[in-house]
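Both complexes below contain subunit A, partnered by subunit B and then by subunit C.
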Partner chain A sequence: MVEFDYIAPKTMDEVLEVIGKPERKNSLLAGGTNLIVNLRANKIKPEIVVDISRLADFSYIRKDGEKIKIGSLTNISEFTTSELLNHQAKILRESSIQFANPLIRNKATIGGNLADASPAADAAIPLIALGAKVETIDSNHKKREIPIEELFLAPNKTLLKKDEVITEIEIPSLNGNNGNLKSAYEKLGLRNAMAISIVSVAIVLKLKDGKYIDDAKVALGSIAPKPIRARNVENVLKEETLSQSLIEKSAEVVLDDINPITDVRASADYRRMMSKALIKNALNKIMLGG
Partner chain B sequence: MSELKLIGKPAQRYDARDKALGITKYGADFVMPGMLHAKVLRSKYPSAKILSINTHEAERLPGVKAIITAKDVPYNERASNVVGQTTEIGAIQAIQPVLAKDRVRFLGEPIALIAAESLEIAEKATNLIKVDYEKLPVVSDPIEAMKPSSPLVHEGSNILAKWKIAKGDIEKGFKESDVIVENTYYTQFQDHAYMELEGGVAWIDNDEVINIRLTTQVIEHYRDVAKVLGVPESKIRVIGTFIGGGFGGKEDVTVETFLALLVQKTKKPVKLIYTREESILAHDKRHPFVMKYKTGAKKNGKLVALKAELVSDAGAYAYLSPWVLLYATVHASGPYDIPNIKVDSKTVYTNNIFTSAFRCFGGTQVCFAYESQMDELAHKLGMDSLKIREINYIKRGEKLPAGQRIESTVALTETASRAWKALEKPNKSKKGKRIGRGFASMMQSYGRLTMLHDSSHAWVGIEMDGSLIIRTGVPDLGGGQGSSLVQIASEILGIPGEDISIHLTDSSLTPLAGTTTATRQLYMSGNAVLQASRNLRNMILSRASQMLNVSKEELDLTDKKVIVKKGKKEIPLVDVVKEMAADGLPRNSFAMFNAPFSKPLNSEMEQYERVFPDFTFGTQAAEVEIDEETGKIKVTQLVSSYDVGRVVNRNSVEGQMEGGAVMGIGYALLEDIKSEKGIIQAKNLAQYLIPTSLDVPEVKTIILESKTGLGPFGAKGIGEPSMTPTAAAIANAIYDATGIRFTSLPITPEKIIMALKKKE
Partner chain C sequence: MKKYTLHMVVNGEEISIETKPNATLLEVLRDELNLMEVKEGCGQGDCGACAVILDGKAVNSCLTLAMQAEGREITTLSGLNKNGKIHPLQKSFVSHGAIQCGFCTPGMIMSAKALLDKNPHPTRDEIKIAISGNLCRCTGYKKIIEAIEAVTKGKEEKEGENVRA
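Presenting the complex of A and B:
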């Protein structure tokens, strides 16, 4: 492990001041579940580690009109117990239950999971399907919003600048409270906890009259260098009525959306087959009354 | 012997509380003033010449206290005799350097040792050492390695050892067979993945004794350390700690030689703890086997012929590969009576990580093969899979193919039928899921090879207040080895467990008890403690009989009292002890227990009276649920049924049976280091997956007690046997669910899906 300085600011202003100095390579420490592993493996060599876990005002899940706002330091355990998410963004709660294990969930933060930009980032997939965006702030106190589907560039690379921090995640109003929003999440790992996905799929459909698909958002993880949106699948689904044949067709076209590799967990072939299978499973779940 | 009061009951282990509270001091939990920190520089390539090693820059780094390379090691080349030679190979010795000198043969081979004032400095220095390599061709497949065109890993031949068994007339046997099943089975490298990583602290005493406190299954390695350092064996002391899991991975030398070399050079205390990533590179793995099996049976199911060709991957150095191969060879036909048998086995050098001891020691690989064969025979013959086994199980008094007669009870029919029956009614088959059930029976030796003339020693002594001290050099692996010994002494001497202290695992201060390997400690050291306790009991009762004026036979020891069995007279134990002291009588006993001895084996082992002391027999049954879309395999039920001979601590027996089955589930479905051209792909525990609590069902245990084992009170061993048949049982259940015979481990969802697709 490299030697580095460590600082644990109490306010965001202090954080921004430290990371605003480009001469010192910084890493942010939120939950540390990725950072510590990467430090030990000498994958990253920061000169200063900025521990933001003690910032007070960035851990919350709250309603803001019809939107949901989540503080970037909210840990994944909070997702598993949130009544608000259970009610309005069920898919986020469902996926969080399959996130690593309870110990990791107690430490890992939503902001950290997104900033780490793993192609398998468990929290990113449902958030993309929900059309969520992040709000950030930089050292000049400039804020911006980035749709999560645009946040990722490559494995462990995001649009975020070196002096920029995720402050909040915003989930747009989707259902208008008329109960026509349906969603499903499917994750395939080699074991039932502490498993990096082989494939994960999140689907959010806006339905009209029960089965007619007004809008569809489909996201997949672990089948490309970054979490992706499956536009081909979405186009098949949009403005159609959900049926068995439509499900079959959606599963076929997912192959045009993905670009999987062979790694220590699975072959590219298997990932292709499983992308189809999970799309089918997720849509079936929705059709059968999810 | 009167009725047993404690033996067989579930006892709370004396070490449980501290472990649960995190108080127990393991290998890494120890510091000394002025202690240095060590690192090991390891090879970057699986096969290369070392052209030069330059340590100058590293030596100049402030805080670096010692750098040791091969040239600094007094006796760097360690030679060991290889068992299982054939004349065509000739008598060879396997050479293993402590540190690589001019050649590395596997990725991660140690090249240099570094000690510094801090771990950070040691790490920095490790990175400053410059090694110039010239890459050499890599051979990573044992079948390829046997070809004459293969690169040689060592001089001479890549074939390290061979064993053969031949009985009856194999050709005639196949001619007489009505049905023949032929398959080739493949198993993978498995990592022990113990919670506690290898490590320890060593220091030098005033009298020049180098003390090494570490986590190890074998304190007797002090002898190896002494040879490498060129000092008398009496000058090396190994102090073992409670072990956070070993499973055979802490059976070979780990850090002890490295620590001793650094202490010898610096004269300062030194600490060396591996990281997980280093541990995966540094310690042995379970042998991958390629097993060609041909089994023939009559229409009525009776087995008539078995031909097995086994090839195991020894990796880059010999370690225990010839021995593991011997076990696999003897166990290759399973617990079956087969008139015509031919087993040919070889273990072969490659540039893979070296392979050596791992729970079951060659027994689980062959069990996967012989039990898959039995299952397939049953299907081919349209026979019930219980029935076909029942008519073929070896019986007490019959001989194994290697010649050894089975002297203890073979409760296979009972374990199999009970395990099978204990599977609950299958869940209603859900849409998209396939349910299947299977089982596997096994035999596995306990105790070491009898040609090794195994012994254990124990000392038991009573204090003036009636409390008891046991001294025996047993390493406690976490299996409750120490606790069971306390229970035995407590039973015999009538002294409650809380008044007994046991001192374990110190090569200088506790009588040597041999290795905690080969499922031998309860058997060997249990008997040593039993004998010493009985001797002491005899001494106490002799003196008490004079005091009470009744014969010894009428007395019993219970609750720290000597009582007259048929009467009301009793005296406190302490009073007897005081009298013994006053009379100058000994108040302790030192006992040695010897396993049966036999003559050495050569590789053509047709008819030997004895190879192992005895065997444990058992059966596991499994139910799986397979997702047709993803291939995901869920083990929904697992029943483990064994004749353990005699239960000493019921909790410990159940713990072993559950733990072994869980480890077997990992072996069957998940675990694989995925070595590609000598490079391990699963480099950490995020990539090398072992089962979590969410991946295993509740393991149901059925414990039978034939009381015919060689251990105390008729106990057999359960540590290793508890895992032997799990993979085979699961593979048979998967066959039942899918109709597909999987012949390579681990059976992954991907393999299932690809095979289902192919079948369509």
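Presenting the complex of A and C:
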């Protein structure tokens, strides 16, 4: 493994002080399930590893009014057992159950999964469909909010500045729409555990009178350089009545939203076909009572 | 590279040890503490051969810096032995033929132990999920699942026989 110095700050102020010094190349260590793989492969060469996993107060899933707030250091394993998520952000919990494997879920954090910005980042897809945002803080103690759909720029690249840390994830109020909101999550991997997605899809529909679609948010992963929102699919769905023909039409236009590549896991063509299939599966799930 | 003093509790014993910041927990457990049951397989979190229990949770020790264990409790397979007797899970793995080459066994048992500590009566599906981060390349999964299930159903004695003379 590359050589580096190590510090485990107890407070966020200490973290911000260290990362506010750009002359010393740093890497933030949260769960480490990506970082340590990269350190071992000599892919990154930080001078100092800042272990933020010791910070208290950044691991929680709680209700704040009608919103859900999640601390950035919350382990993915906490998502799998959260009753709150099960009730109010079902697709986020579903995606967490299919996230890597239990050993990884016990270490990986939500903030780390987002900051790593893999095009296949499993947690990002449902969060985008839920309209979630991250809150960050920088070394000048300036906070900002970034919608998660705007956070990603390219593979492993985010909008985050070098001196900026994700502190919280906020899922907007969905409760007021209870009953009218329907959602579905679909992931295709090569096997059940430890499978990096070939395609993943999350859909949240706001329904009126059962089947009329007031609003739609559709997100896909692993089919572009970053997790994306499928605006063409959304436009087909919005202000229409959910039906089999509408589902067929949505599946066709998803091809205009995605830009997949061929890699070791699947060809671009297969990803196109599977994107259509997963859009259909997700919408069918919703139509059948999701 | 600067060295750090690491304090942790390993298998019930308080340990203070000098370590480099880029040492993994796996390296310290194997190379410094001679706990050879902790295996390095893939080194990437795919295989689970390095699984240990850290503060009650099964994790990959190959993806944990030793320094992250500061002040924490670690249990490895040999920590399951009590008074020279092996753990019911170990005994069940032996009696069910759930060990072939044996490389995955310590990690498998640690994942199973972490599950049973939280959920003493898991379903077969819960057992499958709990060991889904552990690969057995002999592919003896059926017997492994049966071995764990037998312990949950109390088919194995509370304490194993004295196998280690």
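Everything that follows uses one rule, which is that the second predicted complex is superposed on the first by the 287 of 290 C-alpha atoms of A that agree within 3 Å, B and C clash if a C-alpha of one lies under 4 Å from a C-alpha of the other, contacts with A are read in each partner's own complex, and residues count from 1 in each chain.
Here is the rule we go by: contacts are C-beta pairs under 8 Å (C-beta built on N, C-alpha and C of every residue); 3 or more make two chains touch, one makes a residue touch a chain.
This is a predicted model, so every value here is computed, not measured.
Q: A:3 in the overlay: touching subunit B, subunit C, both, or neither? Say first, second, both or neither.
A: Both partners, subunit B and subunit C.
Q: Looking at A:270 after the superposition, I want to know if it touches subunit B, subunit C, both of them or none. Which is it: first, second, both, neither?
A: The first partner, subunit B, only.
Q: Contact-wise, after the overlay, does A:12 reach subunit B, subunit C, both or neither (first, second, both, neither)?
A: After superposing on A, A:12 lies clear of both subunit B and subunit C.
Q: Which holds for A:194: it touches subunit B only (first), subunit C only (second), both, or neither?
A: A:194: touches subunit B and subunit C.
Q: According to the stated criteria, A:287 is in contact with first (subunit B), second (subunit C), both, or neither; which is it?
A: The answer is neither, since A:287 touches no partner chain.
Q: Have a look at where A:159 lands relative to subunit B and subunit C in the superposition and call it first, second, both or neither.
A: It touches nothing on subunit B or subunit C.
Q: Under the stated touch criterion, which partner chain does A:106 make contact with: subunit B (first), subunit C (second), both, or neither?
A: Touch partner of A:106: subunit C, not subunit B.
Q: For subunit A, which residues belong to both interfaces, subunit B and subunit C?
A: 1, 3, 37, 40, 101, 192-194
Q: Once bound in the complex, which stretches of subunit A touch subunit C?
A: Checking each residue of subunit A against subunit C gives 1-6, 8, 29, 32-33, 36-37, 39-40, 49, 51, 53, 77, 100-104, 106-107, 192-194.
Q: Which bits of subunit C are touching subunit A when the two form their complex?
A: The contact residues of subunit C facing subunit A are 1-2, 4, 20-24, 43-46, 48, 51, 57-60, 62-65, 67-68, 70, 111, 129-130, 132-134.
Q: How about subunit A: which of its residues touch subunit B in the complex?
A: Against subunit B, subunit A makes touches at 1, 3, 37, 40-41, 101, 188, 190-196, 264-267, 269-270, 273-274, 277-278, 280-281.
Q: Which of the residues in subunit B come into contact with subunit A in the complex?
A: Answer in residue numbers: 120, 123, 275, 277, 629-630, 632, 670, 674, 681-682, 686-687, 689, 691-695, 748-750, 753-754, 757.
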